[in-house]
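The same chain A turns up in both complexes below, where it pairs with chain B and then with chain C.
Up next, the complex of A and B:
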């Protein structure tokens, strides 16, 4: 009887374990599928709001327009179809607001009943026209043709240098500045955190007395427990003004500020992981080194650190991983200017900060919304690569 | 060397008296916190001999061995009284730089512990950390040390390969070569063959026998036959005390102390 009950219990227990892990895996899978489902939608869609059309003259030979070209036309950086591979006609931009420049109210009729024919007339008369019209104003018997827009490609998304997701009529979804911003800030963070963290790890593993270590270790763990918004607040109030004064800048919100804050945030990971790695160095190797007359420092630099090299590499990559994904603190101190940074003293905008800052103002299901999800995919892929390389380094170490 | 001590040793081991003593201990006591691990040890090591330290586990023989290169310093809570002389100089007096001392005392450990570096770099390590960086002479010393350790022929074509590619016995000879490269005046071996197979063990023993011409060796061993084969002198330790110290032959044939006799004949230990 007892044995039977035990068997039932074990079966139930097994089922609970199985279902827990199933739920967990499915959740992860669901989130990833959701992310990709929303983000992929950006690609192969046209970079213009629905229900709007660009119309050109029938004589126009240009096949299609990209979002970038549209932006340049609207900024008058491109003024002739020749520049786009068409005939030598200067571009005449026409939107519905320009109606009164060409026609009087009388000509259009009291209820705009003449509008379609007038627009047709205009298109016929001007071979260089580019009319940006809502569907409802497009004449039924169009004397021109709708020019298709280049669909957003992954390449344009990743290599585009301009991020103006809300600009009208041609939003720009180039994330290169955001990728570079993220990399700059993360790279700077690791540049700050690795020497400091490694030094602390060596100190704790090799130099500090047991008592000192017992004090240091909880302090470092405490550092990991501080919420990132507090780091951001600290950075904003202390670090940003300091950098502004120190380098005599117009604004202190810079990549440097982000790097320093992220560096501090990455420290606990780097210290803990490298200290563990340093501790795996066998005592017998250290003794061998000391017995040959090496000093303690020679032993650390020639035996202990090289032995722990792969662990230290893993630590720094994990640190970068933390830095790449960090949102709030970075959002608060980097100034969020979506331009490609050239020095650490410029404001930058990172991928996670962009998502956090803009998701609220994007319309659900719109292009901007999808673009932010595509950014999410990018971030996910970056961290996936980082985590995979950590695993690879670890497994190489084991073999 | 002070006179009374010489006389004492002369009394105990008459044949050592005229020889130059490589190392000596005088009234050495060692404590691990409260534990009295070495009790009043007076000891002398003759140059160009092999001295075996034997005794059951925990008798203090390894601790005693590590007195001569101050490896016990690495353990916290160790207190040492008395004098340890190396070539007449007290190595525990103030002003002794420990890593300088360790350059003149080589050590071979129980398990082979080559560095995760190339064979060449393992042997060159001691030279490099001591600021020796003349490439040609390092080449020369590496070759000479490997030859002395009877390893040269086996590794001369793969000096750049990792030391971990060698077998356990080869690794241990590499560790011996590594110790020889810094030309120590005394070599300490802490059960150097205990982790090796019989064939490798016999190679190490032959090597120890050959090295005696040039070096002075102290070897801790658990293996009575090994002590009998390689050593000129044997010291028997028991519970932190030096029970008996004599020529190996004398001691194995005619031990003075009943404890020594019991241990050697395998009645305990």
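Up next, the complex of A and C:
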């Protein structure tokens, strides 16, 4: 009897174990599903809020307008339909705010009862009109037609150069500046962290005595343990003013500040992973090299480091991955200007920082909200590629 | 002879440079720690730790943020620690080397590589919106728990791997079942290292900001949470708010130093504790 109960208990325990590890492994898939669920709606949706319409004259031959073109029209960068492939009519922009410049209050009637007919009149009279109207002001027997807007495509999302997610009437969802900002800051970080990290790893694995190593190791671990918001705080109160003074800049919040802080944060990853890689070099190889009369230094540069090459590559990729996904520190020190960076002394905005800064102010389920989740998907995919390539490098090494 | 000396000198120079760089890395740590401890320690007093924030967060203390962080630590660990340890036991003790193990391992590795802000997005989409927990300690704890899972799994697995196989075989030979072996032989030996992992993940969870931005953190909430469905302040988010969006940033700077100091202390103490645990019990195990 006791034996039987034990057996059942054993089975139950096994099932519990199995289910908890299944939950864990499925979490990643869950995350993908939910990010896509919230973010994918951005694509193939119209870039303007549903209750507004753009109306043009019936003679207008332009088939559709993109979000970018709308923005240019509203900024008066495009002033003629010819520029959009239509007839030679200059664009007359009409929004509800312009009402009083065209009509007197008497003409509109006390309760705006004449508004639809007046708008119709206006549309009929001006072949170049582009009226931006709320649904409730659109006349029932419209003398013009509603011009369709180009739907947001994945290509526009990834290659668009402007990120103005809240601009009216046409928000711009181009993430290229954010992608480039992320890459600039991350590569800058790796440029700083790789030489420092590799040198420290070699020193710890090959040069330092066991006692020194026992001191260094916990220090590196501690460096990894400091919260990113503390790094950001330190960067903001120490590094940013320093950079501002040093380079005589209007603001110190720059890509450089981000790179330095991220470089420091990537150091522990790079040091630990490359040190482990260096330690896998077989002693026999090193001893053979020393026996041939090579110095320890020559052995390190010609034998140990080449042998650990793939591990060191993995370390730098992991370091980049750490930098790409880092949020708070970057948010606090890079200035968050959503423009394509040209130098390290400019403010930049990264993907994670954008999500962190904007999600709070976007309305749930709106286009902006969806766009931020789409950014999350992008970030997830980038880190997935990074992790997979690290695993590939490691498994190739093993075989 | 000449070239030999030449080589020796080259080696000396190279090693000195590498040693110097290592010292710089250590120096960076001490500069950051020193700066925050030096500036923060003068702010710390009993009132700072036990009072509510006052006058636009420029005076008073950070008590609600400390309580919030403690709630989040407890909540996330209640959820992540059992699941993490059980998963690790399953991975290490039950599964043979096959596709399932490979799959599960690569999934946990991927989970560890996901940026914390993505966890925040996921937590907001699932816990806050879909499951309708709202901005709450529960949603935040679950999100932070997910983030801590891979850390706990990895450290537990390492702890289990360090238990020599002959002990397991010996236990089986005495007629013990698998469960008995795990409970009486494997876990007691692995326990100190598992606890070390727990301490380190607590330190990680207490400092994370991005996952709690949209799942729990309150900008300013001068009262303590009553249930797990309440919003709460948290130390890392409080530090972020004080430095970037306070009403009077100059005046709240000392508060920020104090908060950073408390955060750093949590990390320092956790690391110290973990190291002590590892060394003390590591020696004891070796002696047995």
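As a convention for this text, the second predicted complex is superposed on the first by the 394 of 399 C-alpha atoms of A that agree within 3 Å, B and C clash if a C-alpha of one lies under 4 Å from a C-alpha of the other, contacts with A are read in each partner's own complex, and residues count from 1 in each chain.
In the analysis below, a residue touches a chain if its C-beta (ideal position, glycine included) is under 8 Å from a C-beta of that chain, and two chains touch if they have at least 3 such contacts.
Just so it is clear, the model here is predicted, and its values are computed rather than measured.
Looking at the shared chain after the overlay, A:326 reaches chain C, while chain B stays out of its contact range.
Counting residues of chain A touched by each partner, chain B versus chain C, the larger count belongs to C.
In the superposition on chain A, A:295 makes contact with both chain B and chain C. With both structures placed on the common chain, the touch criterion links A:306 to chain B but leaves chain C unconnected. In the overlay built on the shared chain, the residue A:109 is in contact with neither chain B nor chain C. After overlaying the two complexes on the shared chain, residue contacts for A:284 are found with chain B alone; chain C is out of touch.
In the superposed model, A:267 makes contact with chain C only, not with chain B.
The contact surfaces that chain B and chain C form on chain A in the two complexes overlap at residues 295, 298. In the complex of the two chains, the chain C residues touching chain A come out as 7-8, 10-11, 14-15, 17-19, 21-22, 24-26, 28-29, 32-33, 35-36, 82-84, 86-87, 89-91, 94, 103-104, 106-111, 113-122, 124-126, 129-130, 146, 149, 153, 177-179, 200, 203-204, 206-210, 213-214, 236-237, 239-240, 243-244, 253, 256, 260, 263-264, 267-268, 270-271, 275. Every residue of chain A that touches chain B in the complex is listed here, in rising order: 282, 284-285, 287-295, 298, 302-303, 306-307.
The residues of chain A lying in touch with chain C in their complex are 6, 9-10, 13-14, 16-18, 20-21, 23-31, 34-35, 37-38, 195-197, 199-200, 202-204, 207-208, 216, 218-223, 225-234, 236-238, 264, 267, 271, 295-298, 321, 324-328, 331-332, 352, 355-356, 359-360, 364, 372-373, 376, 379-380, 383-384, 386-387, 391. Residues of chain B touching chain A in their complex: 69, 71, 74, 99-100, 102-103, 105-107, 109, 111, 113-116, 125-126, 128-130, 175, 178-179, 182.
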